[in-house]
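Okay, got some structures for you below.
In the two assemblies presented below, subunit A is common to both, partnered first by subunit B and then by subunit C.
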Partner chain A sequence: MSMNPAQVEFLAENQTIQITPNFSHDRLYLICGEVGPFRPGIPVQVPLWMAINLKQRQKCRITAPEWMTVETLVKIKEDEGQSKTFTPMPDEHYMVTTQLILGAAPHDIANTDEIRILVKDIWDMRIAKLRSSVDAFLKIGGSLAKVDHLTLMEINTVRPFLPHALDQLFRLRQEKNSTYNQTQ
Partner chain B sequence: MYVSDLKREFYDVILGKRVLIFVNFDVDAIASCRILQYLLLCDSISYSIIPVQNQNDLISAYKESCEQSNHVILINCGGTLDIVEHLEPTEEKVFFIADSHRPYDVCNIYNDGQVCLLGKSSEKEEIPSYEDIFGNDDDNDETSDHLDGEESDEEVDEEGDEEEIRESKSKRQKLDPAEMVMRRREKRLWHEKRKEILFNYMQFSFYSSSTALLMFELAWKLSRDSNDLLWWAIIGVGEQQLLGKVDSKTSVLDNGKLQSHMIRLAHLSQHGGDSAGTKDALYITHEKDLSLSMYRHWSLLESLKYTPQTASHFHLWTLKGEKKLNEFLAELGLPLSQCRQKYNSMDIELRNDLRSIFQKKVEKYDLEDLIEYSFNSQYGFRPKNSASDFVFALLALLDSAERDKDPADAFHDALECLSNSKMDAVYRGIELAKLQQMAIGKEVHTCLDMGHVINAGPCLYAVIQDGTPDAKYYGHPHSLLMLGQFLLKAHISRARGRGLRARELPLIISSPSATRPSHCLLLGLPPLSLDSPKNLIGKAFEQAAENTQTEITSVFFDSSVIEINSEFRSNFLDSLFSLLE
Partner chain C sequence: MPKLIFSYSPNYFSIEDIVLQDVRVSCKFEVSVPKLGMLDQSADDQDLKQGSKVELPFWMVPTLHAKKVITFEIPRHYKVNYRQILQADSIVVDLHKWGPYFYDLGNHVANLELKDSLDIKKSLVQTLLNRLRHIMDMSQHSTHHETVHLIANLDELERKLFAVGQLSYRSYKEWVRRESSKINTAALVASHRKRKFAEVTV
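For the complex of A and B:
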């Protein structure tokens, strides 16, 4: 069983982010916690889904998360390129957050085009590493592997395929062993 | 009454309530409706949009849906109607009218609270004062019953009533016949003066500044403006200029306002010093451009052929004219094979320099107005579009309502064009618009060749016969307007000598209606020499209809277009000509 991207996005939207509202409202008591009070010009922490909704209704300005700058991302990209294993990502849902924020509030963030390019490059590198490591794992025929620092979205690109493939291999091996035993 | 503080007296009133929106079938109304829709969505105000084509539609649609809400917004419809009389609303209903048609009905202007006109009153509309029309009824006694006091009974001043009744009752015993006669005479004179004032006021029908611009300024006051909204406002204003509905002074003022908004928004989106922002958004520019119809989506030659200015200038319905056009292109240095190709496949050096190439030769050929400032937009890396492309596309989609296609569908197709960054609907509209312009061009060609434009003394008239193929392309008010303007320009350009008098004659054009098979549309255009879009044909139509007892099946909000049954057309035209003399 796997999760499709929409579900991962739903989970990612629960993260908090800082916004500056332009309206006034009292504290809101939501199921996931309380938010507010909102005062114009005063930054406040809200869940990402609420920030996106308010932005679309032109009621706030979004502040970019600290890792969403060109310098940080360039450094992360270099680290990722040099290490053979996966490096820790600044944010568990970096891909989703980037897409959502840059889609809804392009004018609030500086250098949006470059950031988009950098995040896509990091993503491509990590997926390529994941694929080659899965490939190597299957070739060796190992039975245990441990990977660190993978984000949920990346895991879900291989999730339906990998266990299913290993399952098939196991069954084929079983068949091979049993026929071997029989012919003995 | 006029409401000039849009935020406090209009928007704050409808916050939290449910609204009903009636929208007319024209591009300006659609653009304003879209802007308003965006604002309502931002504040989660629930609304229903009902498109209406003419007065009967408005009245029947209102009757069906009046229970839904107490606040009704009318966009580009209803300003020239007496709302209270025609729609018969109950006490709690409030109407907000944003209409660019003028003149406003006096009952709407002087209504107290129930009918609110969004915008300001301007000097040049010459609204008659309250006393001239309603006040001054100091004889609210029984003598008024003897006269045909239909008017005085309605506009009676409520507070003055009772006292005057008591007064007049006491006076009645003292009145002798001579005084009564004097009073009656005074009253009659007052009524005649009132009729004359009203007649002068309602005589000319014209347009004022665009409603879309009004809605955009509301969005600006609410700090909800953005490039998308500005683009829609530009389209609304562009329609008025393309169809010649406003004079050049108003259009210059409107363009100036739009430009200042554009510059302001461009500065806002420039985040910080050297970061260029994102490419993936809507960018609007105001630059000198060729004013050929849809030339970016057509081949240059066809665009030159079907734009009214160039076609009339070169007389492109004759062989000689076509040769002249080829000469012109040769002098510009544009090879014919390139001009015949679709614009996007032309040589890139030619495309980039097109404007400067034309600039060099327009003076010699007297085509100065071919190069004008226009608004262009570009979304991300997609090809540029000009505002007039959008106007053409929307007009074509609106007019695609035929017998078997519901007008409401056509309306929603057009509304879809204005949604953010979805270009399929726009391209479909542009294809339709090309067909429409070709049909109009060919019809003008036929009319001029066969001499369908007849000088009937006080005016020119042209009748397009039923059963003309392609008649469906101009059987609607706006496309008929385009056809009429093209025809008038072309006819005048052909006239010389005695025919020059034709410049001072208005044009009446009739075409079979595309929505109702046995009816025809009649449109009146003011003469070219006047250079002002004020049109008195609407009143003439009404008068002629009364004289001949013809029933006008559709009364459009623009009074210069009406629809009548084709059988009565000749009678109607005869009485119209006798009126215009």
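For the complex of A and C:
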């Protein structure tokens, strides 16, 4: 079955991101790995969920991922527009990362609004592409498709519709089912 | 996410499968049947004569047809002229009017090994294929209150697909608005009616 967006977000939160803490703390030993030590003003890599949590308590400043700049995103958007297939994204969970960071730390990032719009544009373009390729895939009666560079959240938008639709098509296509053999 | 339970035939216990087979089909008896004259209301005879025309529910047809007791007329929406309509433009057709369970009944009809079986089957698959894109787009671009109007000409199977599509779209929208992380009252609790004061005191 499909996941809901919150579950996708949960998976995405495990990515690491750079923060600059304003407090001091020893190394933390977590299931997902060791984090720290934290020293004020010294950048450190932490999981996204921790960064968001620390930010909400005003314990750190989040450094935007390298790709989260207007120039890079404009470039990605252009590439996506020109390519017929999906282009690779800089981050496997670009949508979640943007959503979380811009939500929690709008003041740590330059040009928040522009970035938000660009990411939304890229998302819309890719979703439109995904839909038309789903349609083309169904029309040619395909049973196997290889799609590269789709992110989890994007795949999740056509689930569970597409699997269910394919199930039904398969059912209608079956030569003969055994209903009557059972009753006779 | 709720699971979808379709009438995946063969499924003996599917209520939908039972309901959708309860359509009348006009049949002609090829043999005479003793003591069944009451089926044909126009005849006074005790026995059902060979050649009498009777309307029977569809679920009786497969067995009787297989035993060569009856010949029957396929429900009209699966006949060749209706198939041509579907071929011309399936998206504008009001499939709900054609039979709320158009695909499933059609599947049953096609399984009867008629000479049209293959064509009916092809037409069903092609119709669903043609309409899928439209259903997918509608389900992802409509708000809750537009739904009634939009699904008016969808058959039951398509409506279910529409509902799943809309559900995933809605949960995405909720996530974008940052509402999915909020803790809500469970639907069951919210719809649970409070016991009336009178009931408690009595």
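The working rule: the second predicted complex is superposed on the first by the 174 of 184 C-alpha atoms of A that agree within 3 Å, B and C clash if a C-alpha of one lies under 4 Å from a C-alpha of the other, contacts with A are read in each partner's own complex, and residues count from 1 in each chain.
Keep this in mind: a contact is a pair of C-beta atoms (placed from the backbone, for glycine too) under 8 Å apart; a residue touches a chain by one contact, two chains touch by 3 or more.
Source: prediction; values computed, not measured.
A.B. asks: Just checking: does A:40 make contact with subunit B only, subunit C only, both, or neither of them? Give me first, second, both or neither.
C.D. replies: neither
A.B. asks: Classify the contacts of A:110 with the two partner chains as first (subunit B alone), second (subunit C alone), both, or neither.
C.D. replies: Only subunit B is touched by A:110; subunit C is not.
A.B. asks: Of the partners subunit B and subunit C, which touch A:22 in the superposed model: first, second, both, neither?
C.D. replies: The first partner, subunit B, only.
A.B. asks: When the two structures are overlaid on chain A, which partner does A:90 contact: first (subunit B), second (subunit C), both, or neither?
C.D. replies: So A:90 meets neither subunit B nor subunit C here.
A.B. asks: In the superposed model, which partner reaches more residues of subunit A, subunit B or subunit C?
C.D. replies: C
A.B. asks: Given the touch rule stated above, what does A:171 touch, subunit B (first), subunit C (second), both, or neither?
C.D. replies: So A:171 only meets subunit C here.
A.B. asks: So, A:58: does it touch subunit B (first), subunit C (second), both, or neither?
C.D. replies: Only subunit B is touched by A:58; subunit C is not.
A.B. asks: Going by the contact rule set out above, which residues of subunit A touch subunit B in the complex?
C.D. replies: Touching subunit B from subunit A are residues 22, 57-59, 102, 106-113.
A.B. asks: Under the touch definition given earlier, write down the residues of subunit A that touch subunit C in their complex.
C.D. replies: Subunit A residues touching subunit C: 1-2, 4-6, 9, 99, 103, 131, 134-135, 138-139, 141, 156-161, 164-165, 167-169, 171-173, 176-180, 182-184.
A.B. asks: Spell out the residues on subunit C that touch subunit A in their complex, using ranges where they run on.
C.D. replies: 1, 3-4, 6, 8-10, 12, 62-63, 66, 103, 107-108, 111, 113, 121, 124-125, 128-129, 132-133, 136-137, 139-140, 157, 160-161, 164-165, 168-169, 171-172, 174-176, 178, 180-181
A.B. asks: Residue numbers of subunit B touching subunit A in their complex, please.
C.D. replies: These residues of subunit B touch subunit A: 41-43, 223-224, 226, 268-269, 271-272, 275-281.
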